[in-house]
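Below: one structure, written as structure tokens.
Chains here go by letter, A, B, C and D, matching the order in which they are written, and residues are numbered from 1 within each.
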Amino acid sequence: MIITLKKNAPKHEVEKLIKQFENQGLKVNLITGENYNVFGLVGDTAKVDERRIQANEWVENVQRIAAPYKLANRMFHPEDSIIDVRGIKIGGNEPIVVMAGPCSVEGKTMIENIAQEVKEAGAKMLRGGAYKPRTSPYAFQGMQSEGIKCLVNARNKTSLPIVTELMSADKIDEFVENVDLIQIGARNMQNFDLLKAVGKINKPILLKRGLSATIEEWIMSAEYIMASGNPNVILCERGIRTFEKYTRNTLDVSVIPIIKEKTHLPIVIDPSHATGDWKLVEAMSLAAIAAGADGLIIEVHDQPDCAWSDGAQSLKPEKFARLMKKAKAVANAIGREI
Amino acid sequence: MIITLKKNAPKHEVEKLIKQFENQGLKVNLITGENYNVFGLVGDTAKVDERRIQANEWVENVQRIAAPYKLANRMFHPEDSIIDVRGIKIGGNEPIVVMAGPCSVEGKTMIENIAQEVKEAGAKMLRGGAYKPRTSPYAFQGMQSEGIKCLVNARNKTSLPIVTELMSADKIDEFVENVDLIQIGARNMQNFDLLKAVGKINKPILLKRGLSATIEEWIMSAEYIMASGNPNVILCERGIRTFEKYTRNTLDVSVIPIIKEKTHLPIVIDPSHATGDWKLVEAMSLAAIAAGADGLIIEVHDQPDCAWSDGAQSLKPEKFARLMKKAKAVANAIGREI
Amino acid sequence: MIITLKKNAPKHEVEKLIKQFENQGLKVNLITGENYNVFGLVGDTAKVDERRIQANEWVENVQRIAAPYKLANRMFHPEDSIIDVRGIKIGGNEPIVVMAGPCSVEGKTMIENIAQEVKEAGAKMLRGGAYKPRTSPYAFQGMQSEGIKCLVNARNKTSLPIVTELMSADKIDEFVENVDLIQIGARNMQNFDLLKAVGKINKPILLKRGLSATIEEWIMSAEYIMASGNPNVILCERGIRTFEKYTRNTLDVSVIPIIKEKTHLPIVIDPSHATGDWKLVEAMSLAAIAAGADGLIIEVHDQPDCAWSDGAQSLKPEKFARLMKKAKAVANAIGREI
Amino acid sequence: MIITLKKNAPKHEVEKLIKQFENQGLKVNLITGENYNVFGLVGDTAKVDERRIQANEWVENVQRIAAPYKLANRMFHPEDSIIDVRGIKIGGNEPIVVMAGPCSVEGKTMIENIAQEVKEAGAKMLRGGAYKPRTSPYAFQGMQSEGIKCLVNARNKTSLPIVTELMSADKIDEFVENVDLIQIGARNMQNFDLLKAVGKINKPILLKRGLSATIEEWIMSAEYIMASGNPNVILCERGIRTFEKYTRNTLDVSVIPIIKEKTHLPIVIDPSHATGDWKLVEAMSLAAIAAGADGLIIEVHDQPDCAWSDGAQSLKPEKFARLMKKAKAVANAIGREI
């Protein structure tokens, strides 16, 4: 950690600061510049609060050198983490895992049929929302427990593991019992109580990036789950909020190589929520695979214009099947299976 | 609601759509353009899901005319809502309410002393975090229940109502019993289960804007609380995330006149979190008052460089007192009291 | 174009507006809603100024239906434009064109050597900055005319067409005489006088997207060039400015399918400027190809840590050659050549 | 400047780097940490290219300590710069200067009348666009030279100095001869050739912040003008581009105290372009004054709904007069005149 002091900082203030850091077990190196004095702190700075240091009126700037995350950090865990979701492995050089299904579960037969269709096209997991975060209180809020049952039934019929979103810690038991991969949605990425709660179970967690979360904040949310005891975290990029209006969000494809450099966790891309437009899903899926994604999560619906939510971004099953064929070709081109 | 169809949409598709809308009790008007056909829907469109319509492959564009919120909408509730927080009124032409105190409660004596100091300077409520949302799992997480007790003690000594953040629905009883104004933090602005939970009580709620929430999404979160039964919502702007690096966030002062135009709810500004820098707090506070804010929430700490969180943005009590004097002058200049 | 009036708009104001539009040769349809009145305008609305209409105090909202661009619009020009750059064709189903070379031209031998190396690896054009836009007035501003001569010499030796940036209209003659593909940089995307100037020549133009330009604004800048008489426009995405800090900019891969849907122009991706980090260039290049890009423009330098500008994002020739091999595999996987 | 090396950087690479910096006359201090080695560079680092250093594969991170600007830097020029525009002084403790007038000059009588009206209300300068940057090539491009003549005539009648935008270096003579304050528009903030050109004259320059320019980039553009020889720069904030849709841009009021801390230049606010909505202009004007702005630039038009450009953000003269009264009260409250 590097701390810049104003040049005119009084000597006793500088000494007070040095003593303060030494008391925390850190070694302090001082560099005297022309207009500034600079401290370098050596040691375990993860627990040092940079905002508190910045509060000192003689401090111009504080710069962290070491990343603030440890358990997720590839530096301390060089090999890829491979997460097992009811027998499906994701991460490392495992085949790319495609999760597909409707935005919302709309009934037992409906989800069973779609599960069958996406399985035939090559999907390895079934997605479907039972508890739905909706911007409007007047919009459909999901089938909830009934929806979970429909997913379980579809899994029984197809043996596809199921992934669905948990919105509240008081439903954890239901999810641990029934769900194979528990999704934490973008809007709850910094719902820290929920992160701590899923850190205490050992089911795999699919952690979506918040709409305006930096990559570092996102990794820190993974760190919350891991620090609470659950190492089974899969990261999922679903688009960030920018000024652009032609897409619902901007898919940040560059997170793929960055996450692989900074962490050892698998990275999955959600092109459906990222773009909000089914016409863009195929191109973005192929881009994600070419860039090295470990998985995709894609919305598929038999009748998008009758979907109970987010029809605009859902693929029809035949378009999904076409996408899967192209996805395989691109995966093979970069030396991976799907 | 205005729906644009591609010019080459087959007649039976157009008729199918018209029938679909009429079945929802809407009147449909058709405008035939050169390159597009446009529908206008008249009636209660709040329940119409625009994303589902967009899923239709013949639909080019869907545009909502009426705002998606009703209970918060000034159109249907022209007079200002004035919220009563343990006898302190906020909103309308009531005096501007300043809430002040430390980022985190750090102990009984500490919060009692600061409460006394901010009261003397003219603050009307005491703020202080007991449950703290922190980006890092390794950072101080707040004194929690102990912190709530310290706040209650400070209220007993100063009679200042207290405002503090609720992070999880399972602590609601503790908050209803002890806290006067319950804050929903920026990171939980779309934690819909928490919004529904605080909608079932009738304590006033301070709803902070999410880091990248549009004004419309923010009002929709207020609508969630109101639709669940609690009309006592105060909105709080705390800066939005932009590309700028010299400030922690960008304070969006223009929300003040916008919120007053679109809704009837009071609007409070948090210049401390918005800027992240105590040196900017005074200027931003005065700007907020000049623009018509109903209140301010400001971080004050005796020793910012020893603060357990966010010292960098905390004012010392003497600087806060100076700010209050200037704030009164500006308030008077626009015809308000403080 | 759809215009929403406030419900209480006086009748004579409504009639005045209707007359005003009819005088512009537009047909007006009126839809009366519960809380609003809505006009639909039919006819050539490209010349209607929506901001002037919005100035009317009874107008709530103005929504354009037809895109504001015509010459670039695929609706009126369904087949792909293929641009010829000194014999190299780009766009449609032509082979993907890779342009490569250093950020700045640093000397005759240097650029000649790199030209040779990138040609051997498969590049079809040579890039290199002669006039350099730099944030700091104290930074190297490019070799200027001398740099252009070095590029011409390298073309003579390798027969690679050359692409370089034009910063000011007073250098147009030099560029028309010497340069094959004239780049308009991101910072000049809305330098309208420069756009008009390059619209009057018929050399191909590589129009980079501005750092915070919407896709629509970017297409409108292409429209400026085309409306001035030059149809030879190639669009180039180079990353947009977002809140993320781990990358210099965020590469918006989704522009590829969007540009292909909305316009008939070729689209090229610049992964070097988009990411600012050579370690990310390969993954982003492959993503761009998989998503359907017509070309790439990549920075290559023999000794990046001695580069006179932007070394951090330059690939060494051997890494570029490796990228080209992978790029070919991905291109083939989606049925294209490189 | 602080440079972080990877821990495993070979010794000869470290020594090579040290030698390289020492050859540039810099003193190098090395701090050895647990996972990183850190260099501190002491000396004149303004000319060091951080991107070149970052290109070294052993370098993890480069952090500049000293600001990259010198002439604009308050550290080296502590007293406020006061700029004289044809006798009107702006900056320091001078009275706040309000510039007002239409977006576009639309004719001799029109601009003369508005000039008279804004003067009566208290404006000290006249604004009006003659050369107009427009997103669409089909929109009105300004009266150009004819418009300049109309402005000069209005100045003759009212003795208000005139401010208008220069879009291209080839019109500089016309501007030097006729215009009192030369505006560089947001879209040209990094048109470096234009910045250099206006740096060679000594007329005052009003430099608008780019739509997505960081404060540092904006100051660097001022530095361009100053380094070319013209110290008479006034900065103008006109809103930045964010995700918010209810306003055209987001006015960043916090630049006011920041510009005053970092530089010695005057700061002017443009609430009309920032918000794009006349209903918000009054509140934002008062906010700017309360926060310490040295001036305002406001669009005023007799008939906004007939304005040839940007009517939506223009105030009618009577509303402008009302704003001026309130502005005086707020200015007085913070101890300034208007």
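Here, a contact is a pair of C-beta atoms (placed from the backbone, for glycine too) under 8 Å apart; a residue touches a chain by one contact, two chains touch by 3 or more.
Being a predicted model, the structure only gives us computed values, none of them experimental.
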item	value
Touching subunit A and also subunit D, the following chains	B, C
Chain separated most widely from subunit A, comparing mean CA positions	D
Whole-Å separation of chain centres (CA-atom averages), subunit B against subunit C	39
Averaged-CA centre spacing for the pair subunit C and subunit A, given as whole angstrom	31
Centre-to-centre distance between subunit B and subunit A (centres being mean Cα positions), rounded to whole Å	26
Sites on subunit C at which at least two other chains make contact	212, 241-243
Chain contact topology (line, ring, star, complete or other)	complete
List of subunit A residues in touch with subunit D within their complex	2, 4, 29, 31-36, 38, 40, 42-44, 60-61, 63, 65-66, 75, 212, 241-243
Footprint of subunit C on subunit D - complex, ascending	46-47, 49, 51-57, 68, 133-140, 167-170, 187-188, 190-193, 196, 211-212, 217, 220, 223-224, 227-228, 241, 276, 278, 301, 304-314
Interfacial residue positions of subunit A with respect to subunit C in the complex	212, 214-216, 240, 242-247, 250-254, 256-258, 261-262, 274-275, 279-280, 282-284, 286-292, 326, 329-330, 332-334
